[in-house]
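Letters A, B and C mark the chains as written, and numbering starts fresh at 1 in each.
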Amino acid sequence: MDQITGKANTRLLVGILIGLAVMVAVMAVVRLDVIGRKGNGLGKGFKYDIEELTRVDPALIVYEESADAIETGLAATHGIAVDSKGFIYVAADRAVRIFSDRGVILGEIELAEPAGCLTVSTDGNLFVGFKDHVEIYDAQGQRQASWDSLGTNALLTSIAAQGDDVFVADAGNRVVIRYDVSGNVLGHIGKKDSFRNVPGFVIPSPYFDLVVSRDGLLRVVNPGRRRVEAYTFEGDIEFWWGVSSVDIEGFCGCCNPVNIAVLPDGGYVTCEKGLVRVKVYDSEGQFAGVVAGPSQLVREGECRVCDLPEECQAGGFDVAVDAAGRVFVLDTIRNNVRIFTKIEGR
Amino acid sequence: MGEDNKTINRRCFLRDSLWGASLVGLGMVAGAAARKHKKTDLIWQIDPYLCTSCTNCATYCVLEESAVKCVQVYAICGYCDFCPGYFELGASVLEPGAENELCPTGAITRTFVEEPYYEYTIDESLCIGCAKCVKGCAAFGNGSLFLQVRHDRCLNCNECAIAMACPSGAFKRVPADQPYLLKGESHA
Amino acid sequence: MMRFAQIITGIALALISCGLVWSAERFPPPDFESGHEMPSPTTPHPRQDIYEYIDVVVLLAALGLASYLVLKKRSRRAIFALTVFSLLYFGFWREGCVCPIGGTQNIVLSIFDAEYVVPITVAAFFLLPLVFTLFFGRTFCAAVCPLGAVQDLVLCRPVAVPSWAESGLRLLAYVYLGAAVLFAATGSAFIICRYDPFISIFRLTGDLNILILGACLLLIGVFVGRPYCRFICPYGVVLRQLSRLSRRRVTITPDECIQCKLCEESCPFGAIKKPAAKWSDQDYGIAKKRLGFFLLILPVLVLLGGWAGSSLKAVAARAHETVRLAERIYLEETGEVTETTDASAAFRATGKEIEELYADASSIRAQFGFGGWFFGGFAGLVIGLKLIGLSVWRQRTDYEADRASCLACGRCFEYCPREHVRLEQAKEVKT
């Protein structure tokens, strides 16, 4: 009798054990997260969080958006220029488009290869920089000249024309080339030269901008050193300004600013990538205020899926300034042009 | 008795034809597989152009220490002094140290090459694949740091647990003779 | 000569791959004055393909040996030794992937997805056990499958499972197979791999939940012989059917059954069928009516199952990431949620059209709707046939192993007195 109850008890025990095991097993199956629902479960230290740094003190913002953005309708925009009449030129992969300041398309020049940069000379000629050479177009969009290639390493990122001189920034060879208007090379500026104290350009990524300033000197961005350097047309370095800092008055990251433009009063507008900020500096290089901060320029958390290494850098925006001092920011992500005007009294 | 024999014969015949049909069926499956077969095995890899560095790679791998690690493609790297994948953005001095370094596990080493260039190398024994540096490098730099499945570690599960948890569909099966999808190398 | 040719090909390949890197690279890296050489990223190689082929050869050898041991040698001890080897090789050494069970999904996916190509080794892993089963019965289950092996080893205190429970629980495996095919065919998931309970044990690492699942199954396996094989394994469902047709089969006795009933309780998997007497006329009458009824409701069951399966499409389709993403985007677009997820943010960053995503999701849902008919219909058919099977009388005069359920483990051999006679005779012949 005892043996039988003992057997029955064991069976019961085994039954209960199996029942429990089944329950636990079912729970394990249900709890298993296979689709990433629960997130990665890592602490704060593993999060790349620069949100705090994207905040800009509103008191420092001295510009406001004064008109609707101009939708360029182009696929991959790279550069912007404004001529003396206030017309806006946008260079893209397949074309240069010309807009009035109200956003009306005035013309289009179709191109066979991507245009990286452009500028308009005082006599109305359009200089377009391609990967390795420069082409000149007249006001009607007819090609006037195509200069010699600068070789396979060349990557032209900026161009400026002043009188008889044309300056071309070649990010690939890390040098500025001085041409005359007929395309003859007059000299190279900025090659590392300890005898002339030229430090050399540090260009980690394909952003390398230059402008001719009101004082007749060349301003070339040395992005790897986070500063703007002043050169004579002959290639002597005069001085530089700019500090490496995440603070609002400095330039942050590995290579900033990416683009620069001259204001009518001799000051500068700079454009940074990474933390996308457009800021104003006076002619001495002292921080003067903010045109727009990251929260105004890129949507929060905006990430860009890119195809080629040089495209991977979201927010390599370009800037241009018209005669009235309005700042035109080319958004290369959304391919539109934002217009900012100085707030009166600030 | 004759009746029974008939039934058995019929049953045998039915069984034999089913057996034959099964064999033919398996043969057809084999044929179909052989017709578009791949000699090499298929293995998992991350398409760096689709990866959004969400950090799931660090924790969803079936391995205790993920098979996904950060890779440095030196040919794309800018050799910056201020590497945004190495330094905290707000780092005050450009010197190694936990307070300046971005990597939570200290898996990146910075070596001086020549003025002003520095080389950055991943120490895979420390890297957990969290992609924090990948984000910094992509946002400010050239995107030379990115995640790849390291095939000395990957168990090549039939259903990759990270692939299932990947929010951007960046995991794909690649042939084992081309096991990496490195940026800068052309691939479909 | 071979070596020389290899070196030449190596150099040529290296040059070609270099060319690719530089042509796609537009922005030149710094040129170092110090002559510093830029390193290349390391690319450690995956497991060589040759090992995959070795695995197939080992599988083939193990299947052959298992069949020999079960049918010719009739030695439980040898079968056990092979089981341990398989557990060590296919389980712990090879770390479980790809196994024939999971291979089912690769085959299904390759049928439905024109772009997916099954590696030849995976196809071999899937097919070889099936072919062997057609000839020799489930010898794969007996001593080759690592999942079976790990359960076989823990089976210490077998308890008998009532036959109604056995039949009922076995339906799980059919449903699991149907679901696995449906999810694999739609390219949603490989659920067999996802919920493989023992893989974490073989790898000694994995998700905690899967480890718990494996531990629970092993705990059940101490009392209930091979619970995964009998009630869950989807590949086992296929093996069962093929085993019914096998040329050779496991027999309890080496020659004739003497009706001694000694083997009656020997099978821990309930696979020994007792002799069946002819039904009485009364029983026969009832069974005949029942059979008629079940035959009539079979199509109803199939249709009902199909309808039910198809109407699950909205829920089932969520296994597909595109559908999940589309539903999330829809919620965000209609303002029902304000926060984005990693997935929705990644999708928006690609700039793809939302309408296109919705269209993709609907087409996947439609696939699930269509596939659901087959899945549900299959489940209905299985239930119907099971009922019909209950009403069909099969004559049996001897104790014999059920062709479908017998896992060919060889435990019953030693219970048969005739087996002992055979062994004695064999010994005598030897001396």
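The rule we apply is simple: a residue touches a chain if its C-beta (ideal position, glycine included) is under 8 Å from a C-beta of that chain, and two chains touch if they have at least 3 such contacts.
The structure displayed is predicted, hence computed values, not measured ones.
Q: What's the fewest number of moves from subunit A to subunit B, given that each move must go to a chain touching the current one?
A: The fewest touching-chain steps linking subunit A to subunit B number 1.
Q: Compared with subunit B, which chain's mean CA position is the farthest off?
A: The chain farthest from subunit B, judged by C-alpha centres, is A.
Q: Find the two chains joined by the most C-beta pairs in contact, please.
A: Result: the chain pair B-C has the most contacts.
Q: Quick check on this structure: which chain has its C-alpha centroid closest to the centroid of all protein C-alpha atoms?
A: B
Q: Compute the distance, rounded to whole Å, between the mean C-alpha positions of subunit A and subunit B.
A: 31
Q: Taking the mean of the CA coordinates per chain, how far is subunit B from subunit C in Å?
A: 25
Q: Can you work out the whole-Å distance between the CA centroids of subunit A and subunit C?
A: 53
Q: On subunit A, where are the residues touching two or more other chains?
A: 34-36, 204-205, 303, 305, 309-310
Q: Which positions in subunit B are in touch with at least two other chains?
A: Residues 50, 52, 54, 56, 76-79, 142, 161, 164, 167-168, 184.
Q: Could you list the positions in subunit C whose residues touch two or more of the other chains?
A: Within subunit C, the residues that touch at least two other chains are 24-25, 27, 30, 189, 194, 207, 321, 342-343, 345-346, 349.
Q: Give the list of subunit C residues in touch with subunit A in this complex.
A: Subunit C reaches subunit A through residues 24-28, 30, 157, 159, 189, 194-195, 197, 207, 209-210, 212-213, 216-217, 219-220, 223-224, 321, 324, 340, 342-343, 345-346, 349-350.
Q: Spell out the residues on subunit C that touch subunit B in their complex, using ranges where they run on.
A: Per the touch definition, subunit C meets subunit B at residues 17, 20-21, 23-25, 27, 29-30, 32-34, 36, 38-41, 43-47, 49, 52, 95, 97-98, 102-103, 105-107, 110-111, 116-121, 123, 126-127, 130-131, 134, 189-190, 193-194, 199-200, 203, 205-207, 242, 245-247, 321, 341-343, 345-347, 349.
Q: Taking the complex as given, what residues does subunit A use to touch subunit C?
A: 11, 14, 17-18, 21-22, 24-25, 28-29, 31-32, 34-36, 131, 153, 155, 171-172, 174, 204-206, 301-305, 308-310
Q: In their complex, what parts of subunit B are in touch with subunit A?
A: Its residues touching subunit A are 49-50, 52-56, 58-60, 76-84, 89-90, 102, 104, 116, 130-132, 135-136, 138-144, 161, 164-168, 183-184.
Q: Can you name the residues of subunit A that touch subunit B in the complex?
A: Result: residues 33-36, 39-42, 45-48, 50, 53, 202-205, 224-226, 244, 246, 252-256, 273-275, 303, 305-307, 309-310, 312-314 of subunit A touch subunit B.
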